[in-house]
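I've put the structures underneath this note.
Both of the next two complexes hold subunit A, though its partner changes from subunit B to subunit C.
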Partner chain A sequence: MANMHQDTLHNDLSHDVIHHDADHHEEGHGHHKESFITKYIFSQDHKMISKQFLITGIVWSLIGVFFSVLFRFQLGWPDESFPLLEMFLGGWAKGGKLDPQFYYALVTMHGTIMVFFVLTAGLSGTFSNLLIPLQIGARDMAAPFLNMLSYWFFFTASVLLFISLFLQTGPAAGGWTVYPPLSALPQANIGSGTGMTLWLLSMAVFVVSSLLGSLNYIATILNMRTKGMTMMRMPLTMWAFFFTAILGVLSFPVLLSGALLLIFDRSLGTNFYLSDIYIAGQQFTNSAGELVQGGSPILFQHLFWFLGHPEVYIIILPAMGMVSEILAANCRKPIFGYSAMVLSILAITVLAFLVWAHHMFMSGMNPFVGSIFVLFTLLIAVPSAIKVFNWIGTMWRANINYTPATLFAVGFVSMFISGGLTGIFLGNSTLDIPLHDTYFVTAHFHIVMAMAGGFGMLAGIYHWFPKMWKGRQMNDTMGAIHFWVTFVGSYCIFWPMHYLGMTGVPRRYYTDEYFNTFNMYENLNVFISVSAIIVFAAQLLFVINFFYSAFKGKKMTTENPFNYNTLEWTTPIEPGHGNWEGAIPAVHRGPYEYYKDGHDFIPQTTPDSALK
Partner chain B sequence: MFLLWIAIGSIIMMFAGLTSAYIVRRMQGNWEAYQLPTIFWISSGVLILSSICLFVASANYKRNNYSTYRNFLGITLLLGIVFCVLQYKGWQALMNVGILLSDQTPSGAFLYVISGLHATHVLGGIVFLLIFWIKSFKLPYPQEYPNLGIDILSTYWHFIGILWLYLFGFFMYYQ
Partner chain C sequence: MNTTLLGLIIVLLVLIILFQISRAGELIGVLRGNNMTSQERNNKIHGMLFLIFMIVGLPLSFWATWYYKDWFLPPASSVHGAEIESMFFWTLVATVPVFVLTHIVLFVFSYIYSGSATKKSYYFPGSNKLEMIWTMIPAFVMILLVYQGISSWYRIMGDAPADAYIIEATAKQFAWDFRYSGLDNKLGNKQIKYISSENAFGQDWKDANNKDDFQADTLHLPLNKAVLVKINALDVLHNFYLPHFKVKMDAVPGIPTQFWFIPTKTTEQMRQDLNNPKFEYELACAELCGVSHFNMRRVVVVEEEAKFKKWLASQESLYKKQNVAAKESNTTPTTASQQTEENSSATTSKKVSLK
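And then the complex of A and B:
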């Protein structure tokens, strides 16, 4: 039946193509007429949906990163006041100083936005949509309509969260992990009121969006590959997106059930997560006047991290896939160890489900159980190391073509190594006892996930930009400046945080001034904040480059000016709906045959007979 | 169709998350055991019956016996609605013996949330059944893939049935 379904689509789309051939129209004015609305807004073309995800993601990333700059002002200069802040934020920054409540709200929103809206939807949504059909040789996704819904659910989730930013009581403020009881009791904190309700609604809608997207990615990769595109001939991007989607389908529903129970606790008086609560010294009673007992806040942590850990791999796997592709293509060498790469993605996917409790070593779990999680956690280092080894193997002695995309890909590898190493510290429960909830953790996950994921995303944008914007390329010089400032700046921001963390400075504190043990880092904090501001400025440069190039950038004159192997470079410079004008090309070889048998590159579509 | 299988996978994960939360929580003690009311036995029977009817309906559809198809589809639909009503009665019976949604111990809350979530999935199925039933009056009409719809509907409905049997057994075992 799956096949039948696929046939419907093929039929549908091949109509389109025949039509194209007849009148050489590129924009897909096939048998369904496209108006402005169906083309740019409710588009079912995977390429347009991908752009929608990307633009939304860029807007969110500017908001999210800007929030971090705001709270870095507080951390860097806790005594100073910035009248400008009061002008913009009004009551949230009375006298030019961030309100502590608002500080928590900012930290929470920063985390939520960056993790879910930028590095999940913005990264995976953009590139899975753009590349899956183009790289496997399909006219579109398996279910274009669901694909469109996936974007619009994401958009709805965005709107809900965006509204919560303007509430009088502010957005959710209990951290991106929204642990109860804080998040469960509107009385506990103003950020646990309407802001938290909107957070939960937004997340529920987001999960739906992510599930619809993932269903499509899996179905498309399994069913719609072009002739000759066996699984083991797929570019590594495809493998990465495929396993990312599997992770998403299996882990997001569990978050949904965790959130559901939280919603019940908040609004229907259940006590899944609540027990023996005191608020401001008063014992908390439910509406019936009874003491609240019997719930377990740890339960939420289990449900949350069962998603939460796979989620970090949902972020990093697509970045890994794109980096592999970009490195091989620009080092002009075959990727080192293709099947080892595939197997290690598989191993990471499986292990990702078995390590969630390493976020909970300090929650009072049985040390024996903890040691099992230590074991699995450290095992993840093995496939990760294999991948790192293979990337370095690919770059080794290569004649590297330093495009901005390559630079960011190399930056990704550097970040992933630095952050992975600190993961091994944290993965040992004994070491995690003093390090948990300190800046060491903040440093770890920013380097390994936020920076690496962000670099992967930027690499992807620079690399595939021409495929999104009518063959236009981004400016290389600006790209290189963007890279070097971001790369050096990110290390300046996050490297010192390891030292803070090792001396016990806790994360998420509004100020460290009042604690004698860790109030001696004023200068270091200023240094970090200044670096953050500089890095933020560099991102503005990127945004300028992005929009300038989208309209004015240098145009490709041929389909494949960079001599890449994969299928997306066989489509027209401005591919219409349906991607290829004629028949979909068949594939005869793997994607990484660079510098082989005296050929600089051999596109996947080249049959052996053509090589002689 | 393939999409449905993956969707089923993720529904399974959602219930797996909830039922494992249930087990973990139950092991921590302070757990009020409950007795499932007999109504749940009846509702289980009704759901099984509805699955059988849908099976017959689908077989008849494929043999182009459209009126038999319509009748059995109608019965399936009715049984689905009866199931939901019975679940509601079952929850009422539980409430009457003091198993509450909001209580000192969360056993009742788990029961209501999990079975409630299942009932929502059944409601979704009922909407589908209703659409198919209404369309069945227009049969036969030209369709590109005549069996796809009914196959998707059947798979989903049987899945929901099996899911309930699993949950029912689960609740009996881990009271």
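And then the complex of A and C:
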């Protein structure tokens, strides 16, 4: 009852806002137009902020993926020299061969950029911002100003990391997990100097951005749903973004604390992570000349993975939500088992906090602790399996319309199955003994997190592109080519890596030539590298399509040409700040009523009375 | 340089061609009016492509695995390795059918339910019965895998047999150093602060157990006898990784770790089995440790126990090698007393500063 009362009260309030907004809008039209700066740069409109996140994310993804192409050159053709590399990279590629130090810098930056700047900020930042107000029926975020800050903190983090790429000593090169002591001691690695400092600062600022965003998403979803939009009537995207934000709020601060302690160790002479070190020919001593003792490098791993593991769900949950929405809408069929889908997201969110130490089975941690993490890790396969079966159930007896978004959504399901199943190997500590830190791990997390997450993001871009760019659509043919090359190509890149991993080839090796156990995969490495280059080229096609369509794409002529149910398709073709011109529509039903009782589709705004 | 440039130009041209074709398709679509039939044809094509992807992809994935099976490591050369292989086999049994079946269903559905204007989808918002079934079955399978996994894990990670031979592996940038516990099978104490150019491990010479400890560049292991490796790192994280024995454990500065196992095949036997006279067991580093992480190889030799014992007896201890006894009589007493003095003065100064 209290809830209902609050809802109506809220609705009254928002009606006030509407009138105010409408008046203001008319008034503003003639006299003071929004300036370039308030509209495009320091914008508080969630749709503009989402575009800012997306464009920054696309730029970062091009850099991040390009880095992987560079180090795939080294891995595919370790003996060949590429003079072109020397031309652009100078001393980092003397004689056309990547310097090992630069190789590790590339590997580290590829991981950092893709995980944090592309698949966290670029994915969740873009679509949480775009879709939350549009799909729950709100004018904007709960706190538009904080939302704007969220982007600008992200931008600052980006600038800091970007600067580190141009340092003479190079960016951080200790792996994206930046385990100390390697990352703490400049004498252990030249990348652990200024490059590492910038990495840590960038990450600290990034955490601020993530928290501002997440708190906003939670507050908006809980408080600003339009009349009739009960929690169980929300599209699954909303549930996914909601739990993603909760994961972020609870886990990112732990990364911040881990990073801060590392900053202290590096700059203030503390030793949270350092103990008993003998490096570069001498004992590692404090300013009093005593041997530094008592810290624990394992502590950092706990702090890092307490974020690091939820982080992979921060990446995959939004992708799952968008795929659910896109599949249902284009299968013209309700999502199979809506409540089971919500409950499985909830289960994943809870379990996500109880599995972090499966990254540390081989760290020397107590085996009993390890066994607990085996249990929870394998249990998380259950809600994941439920989701897969529900997606497939959604496609059963459907009437599938293959837009590029649908293609990527189906591709997502395939990737998630393949990558999820290899997780059952790695989550089992016994099997982690041979597989830990081999290419099997690389293959697993790229398929289940990077590819699946990326496919979810691309599906979302194709699907909601008209809502971002004044009703313009992306080119379907280019989208289809982009999908098929990426889908087949991704399997060609990552499937063979399982074989390397089962042989035991360690990841993060500049070359395998020193080990007879590992060095027989030359041809396969060439195959992987060639596939990677082709897939990268296909992404360029996507970028061309994206920017061309943003300005010249085919324009929608009606608000909802694709007959979707959710609220964003009731906004004008070019929604202004505030989203709806008149009152915010009220909601009368769930989001997935396709082909119910003979109706092709029933938008959420349709009252029962209108159906008779 | 020219080939790279040529490659770049080709990629660029292909992109431009694809772009133009796609744009032409869109314009034709606009001219014709976007009727349902073109959408229907599009749906059919993609449904068919998914089906083809499955029909080609699934057998290809099996063929590739079969093709590369000889490249995988031979059966593990350790007792616990067999246990890991059994776990791997049962996990395959649990996952491969799921992989095949879900993909067949996914892509067959993609094909047969590709959309058209004449068809209607079937309104079916879910079934609690089905949800229960596909919750319970994976949960049950997972519990079985967890049970087997944890049982093996405890056996592998459990206490080493009391008679296990003790070897110490110390990692540094970028090499492994081995210290053998000598004939008494007891490693002497060591401390980082004792490390010097003459004392690479920082052995405490007052500990009698140190007197027969010796260093080796090759990791010698006895056949069919438990070996307990004490794993240390001097500078950054490393990982003691013996692929053929399925042994892997981080080396952590300040926190000693260990791994015990029983080698079951001599190097000689492996050479015969693999028909490769050059075969060597190898030790690698499996935790990113810096710029030469990929180059921390050591050779591992497994030999019959008698041979191993003979080798053991033939080694000269570090104590003797460094001629510690002679040096000790001259210098050690003073340095030792200085050391304690320093320590006590350090603690007092700390107390003072705390006040």
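We adopt the following convention: the second predicted complex is superposed on the first by the 576 of 612 C-alpha atoms of A that agree within 3 Å, B and C clash if a C-alpha of one lies under 4 Å from a C-alpha of the other, contacts with A are read in each partner's own complex, and residues count from 1 in each chain.
The rule is simple: contacts are C-beta pairs under 8 Å (C-beta built on N, C-alpha and C of every residue); 3 or more make two chains touch, one makes a residue touch a chain.
Source: prediction; values computed, not measured.
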First, second, both or neither for A:257, with subunit B first and subunit C second: first
Residues of subunit A touched, compared between subunit B and subunit C (which is higher): C
First (subunit B), second (subunit C), both or neither touched by A:296: both
First (subunit B), second (subunit C), both or neither touched by A:78: neither
Subunit B versus subunit C as contact partner of A:268, first or second or both or neither: first
First, second, both or neither for A:228, with subunit B first and subunit C second: neither
Partner chain in contact with A:484 - subunit B first, subunit C second, else both or neither: second
First (subunit B), second (subunit C), both or neither touched by A:386: second
Partner chain(s) touched by A:142 [first = subunit B, second = subunit C, both, neither]: first
Which of subunit B and subunit C A:185 touches, first, second, both or neither: second
Common interface residues of subunit A - those touching subunit B in one complex and subunit C in the other: 288, 290-291, 293-296
For the subunit C and subunit A complex, residues of the former touching the latter: 1, 4-5, 11, 14-15, 18-19, 21-23, 25-26, 30, 39, 42-43, 46-47, 49-50, 53, 57, 61, 64-65, 68, 71-73, 83-84, 87-88, 91, 94-95, 98-99, 102-103, 105-107, 109-110, 113-116, 119-128, 130-131, 134-135, 138-139, 142, 145-146, 148-150, 152-154, 156-158, 172-173, 192-193, 195, 202, 231, 234-237, 239, 241, 243-244, 246-250, 252-255, 257, 278-280, 282, 284-295, 297, 346, 349
Of all residues in subunit A, those that touch subunit B in their complex: 1-2, 4-5, 8, 142-143, 146, 211, 214-216, 218-219, 222-223, 249-254, 256-258, 260-261, 264, 268-272, 286-288, 290-291, 293-296, 299, 302-303, 306
Subunit A-facing residues of subunit B, complex: 1-3, 6-7, 9-11, 13-18, 21, 24-25, 28, 30, 101-106, 109-110, 113, 117, 144-145, 147-148, 151
